[in-house]
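Quick heads-up: structures coming right below.
Across the two complexes that follow, subunit A remains constant while its partner is subunit B and subsequently subunit C.
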Partner chain A sequence: MSIMMCLSLVLLILGLAFVASNPPPYFTALGLVLVAGVGCLALAILSGPFFSLILFWIYLGGMMVVFGYSAALIAEPFPESLGSGYVLGLMISYMCLVFFTAAMVLHFYDGPLHLLGEISSFNMVQKDAWGVALMYLCGGVLLVLGALVLLLALFVVFKLTWGMSFSVLRPV
Partner chain B sequence: MSPLTLLTMAFTLMLGTTITLMSTHWLLAWMGLEINTLAIIPLMIKQNHPRAVEATTKYFLIQATAATTLLFAATTNAWLTGAWEISQVMHPLPTIIITMALSLKMGLAPMHSWLPDVMQGLELKVGLVLATWQKLAPFSLLCQIPNSNFTILLGLTSIILGGWGGLNQTQLRKIMAYSSIAHLGWMLLVMQLLPSLSLMTLLVYIIMTFSLFNIFMINKTTNINSLSTSSMKVPVLTTLTPLILLSLGGLPPLTGFLPKWLILQEMIKQNFFMTATMAALSALLSLYFYLRLSYNMTFTIAPNTSTNTLSWRLNNKNIILPTATSMTMTLLMLPLLPLAAMPLF
Partner chain C sequence: MIFTLMTFSFMFVLGLMGLTFYRTHLLSALLCLEGMMLSIFMAFSLWVLQMESDNFSTPPLLLLTFSACEASIGLALLIAIARTHGSDRINTLNLLQC
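Take a look at the complex of A and B:
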């Protein structure tokens, strides 16, 4: 399990560095899916499988929209990701930054990241399911308020995108 | 924009700030800030020209970043100490991150450069909301967390950079943004020493900014050049405007002197001599651009018969009563200072 955790964290950082180093949008979306997947894997190993499942579904849904949008918008005949020197150089520099930060953390707090120490793969109680139950039990007003905020976000998006010829989104 | 949408958005704007002001829990405070951001976006983009869209996009990105950082700091705090309450941020790391996030939201000095740019793309009314109402929620959160001398550093940089940035501007909205940065710096300077004084500074700043924005709205000006013809449009208002500007700059018989006076006194009481001196000297930078505004508006006009004809004046549909009230308060509230010492509140 510890190896899985290590692997997912390393993949998470590699994927984030890849996304941050400006590859073409197709590969960026792919990198984001990878990051979401391994992030959810790490969360699931840290005894939060329900949350990681929910997050993964919602994130994948959003990513499909992002991927479709960017694929429709960007006309790039020959996309190249790590093959181009620009992206590769940026990624290498980001990884150098990560190693520097990790070295600083190790230097100052002298010890490994203690995420790795908290893994217990034989949990009888799912902490996250317990938390969800508690949220639905006590946090009724808060949930309604959260739904209200989402409704507001929907209205804002409607207002922003309404009107084909004079609004924000228009054919160029 | 249809009136119903406008009403909904304005109401939601108030609701967001109220939620943040009422909350004791970080999640609710964050939610209120997000409601605030979401609700002002349709108001900002109302005119649909590219500059407004650009300003709105910049505003949204900055505010989303700040809110995410705030949420990150709150969860970090909950992870480290197990406490979700706003006043229970004791660990230095989340405290610093929260302070930085909130100052990014308000546009304090090292994180200020979005504010003039966003303000320049908005119309004056929305700019007024951005400069006053949008500061309330982050301000209240910043007041509640136990902070160190870090806010004094932020305040001092805000005063200096707010003064410097406004020096070479010709656009009124950018000048107002830099003036907002400098005034927020004064509030942050005294926030840890005497929070009630900081709140009073915010109130006085809101009153002064409200009257100045109203003057610009009545004149329909957005740069200094067109301000110089305002004596043809509104003669009486033009004679009063330099006083408003000097009040913003903080000159003695006017209301704007009140917060600066009390803040300097409080800082000297608590042995911050160097900081108080630097703040007082940097206020001169702000005073310079206020003076330049008033010079262009009134002092260049010779006191004899103008060669121009007076421009045609229709019935003024602008907000007259609030402008008159806030201008009177901007000019004449200093003698009411002893009221603040009375146990009325």
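Take a look at the complex of A and C:
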């Protein structure tokens, strides 16, 4: 396993431990952006460039929206990040739990899941693009279902946020 | 395989613990849900890439579509709660009066 792969896996767990340890939402969104970027790197190393591209477009675009919401809505007078004892203590406790569980798993691990040890890194043959082409070939019903779910989500959002007079960000 | 398996399992469990335990803001809980969705996307993609089952690469994309729906409805609920309660702190949701 290459050093980039190990680094990306460790950064994924560290970033999600930071997200879970209750910092203010600006830093939480920033940590989740970091986790999504490292996830793109890991998928690209594991020879899935199309998944990496999809994740970069959709997920990081959505994270931009969430970051805008958190910067606009959250009124936190004294934001405390890893410098405070509360967030740092929670993150250290989460990481201790992760190390303990990983040590248990690696100690009692017998190797039935070790099917494919070799990682074909940065492969030119894009198997994931083949699968997506198969989705566009045969999976029309699923695509229509996804479009209908997105339309339903649009109507639900309209119903929830209708009306300018009750707005929290009203113009003065 | 065992390291990637442990990685997305730990990501899911950490996101679930961060969602379950005490959160100050509602937006942090939504971000933990996003992290759980990211871990499930990584799990499906790693299944496709490491088991060499190419026909299974449809479910990660559909899962990403549904997670976009979930994120949009979560943000709309956040806006609705901020309109009725004035803030998105979770301890204001414990009050019985609006």
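Here, the second predicted complex is superposed on the first by the 149 of 172 C-alpha atoms of A that agree within 3 Å, B and C clash if a C-alpha of one lies under 4 Å from a C-alpha of the other, contacts with A are read in each partner's own complex, and residues count from 1 in each chain.
In this section, contacts are C-beta pairs under 8 Å (C-beta built on N, C-alpha and C of every residue); 3 or more make two chains touch, one makes a residue touch a chain.
If you're wondering where the values come from, they're calculated on a predicted model, not measured in any experiment.
Touching A:55, do we find subunit B (first), subunit C (second), both, or neither?
second
Contact-wise, after the overlay, does A:72 reach subunit B, subunit C, both or neither (first, second, both, neither)?
neither
Would you check which partner chain A:3 touches, where first means subunit B only, second means subunit C only, and both and neither mean what they say?
Once the two structures are laid over each other on A, A:3 reaches no partner at all.
Between subunit B (first) and subunit C (second), which, if any, makes contact with A:146: first, second, both or neither?
both
Please indicate which partner A:35 is in contact with in the superposed arrangement: first for subunit B, second for subunit C, both, or neither.
second
Any idea whether subunit B or subunit C touches more of subunit A?
Per-residue touch count on subunit A favours C.
Looking at A:155 after the superposition, I want to know if it touches subunit B, subunit C, both of them or none. Which is it: first, second, both, neither?
Only subunit B is touched by A:155; subunit C is not.
Residues on subunit A in contact with subunit B in one complex and with subunit C in the other?
Of subunit A, residues 142, 146, 149, 152-153, 156, 160, 166-168 contact subunit B in one complex and subunit C in the other.
Of all residues in subunit A, which touch subunit B in the complex?
142, 145-146, 149, 152-153, 155-156, 159-160, 163, 166-168
Under the stated contact criterion, what part of subunit C meets subunit A in this complex?
Subunit C reaches subunit A through residues 1-8, 10-11, 14-15, 17-19, 21-25, 27-28, 30-32, 34-35, 38-39, 41-42, 45-46, 48-52, 54-58, 60-62, 64-66, 68-69, 71-73, 75-80, 82-84, 86-88.
Would you mind writing out the residues of subunit B in touch with subunit A in their complex?
Per the touch definition, subunit B meets subunit A at residues 1, 5, 8-9, 12, 19, 27-28, 31, 34-35, 38-39, 41-42, 45, 48, 53.
Going by the contact rule at the top, pick out the subunit A residues touching subunit C in the complex.
So the residues of subunit A in touch with subunit C come to 1, 6, 9, 12-13, 16-17, 19-25, 28-29, 32, 35-36, 39, 42-43, 46-48, 51, 54-55, 58-59, 62-63, 65-66, 69-70, 73-75, 94, 98, 101-102, 105-106, 109, 113-117, 119, 127-128, 130-132, 134-135, 139, 142, 146, 149-150, 152-154, 156-157, 160-161, 166-168.
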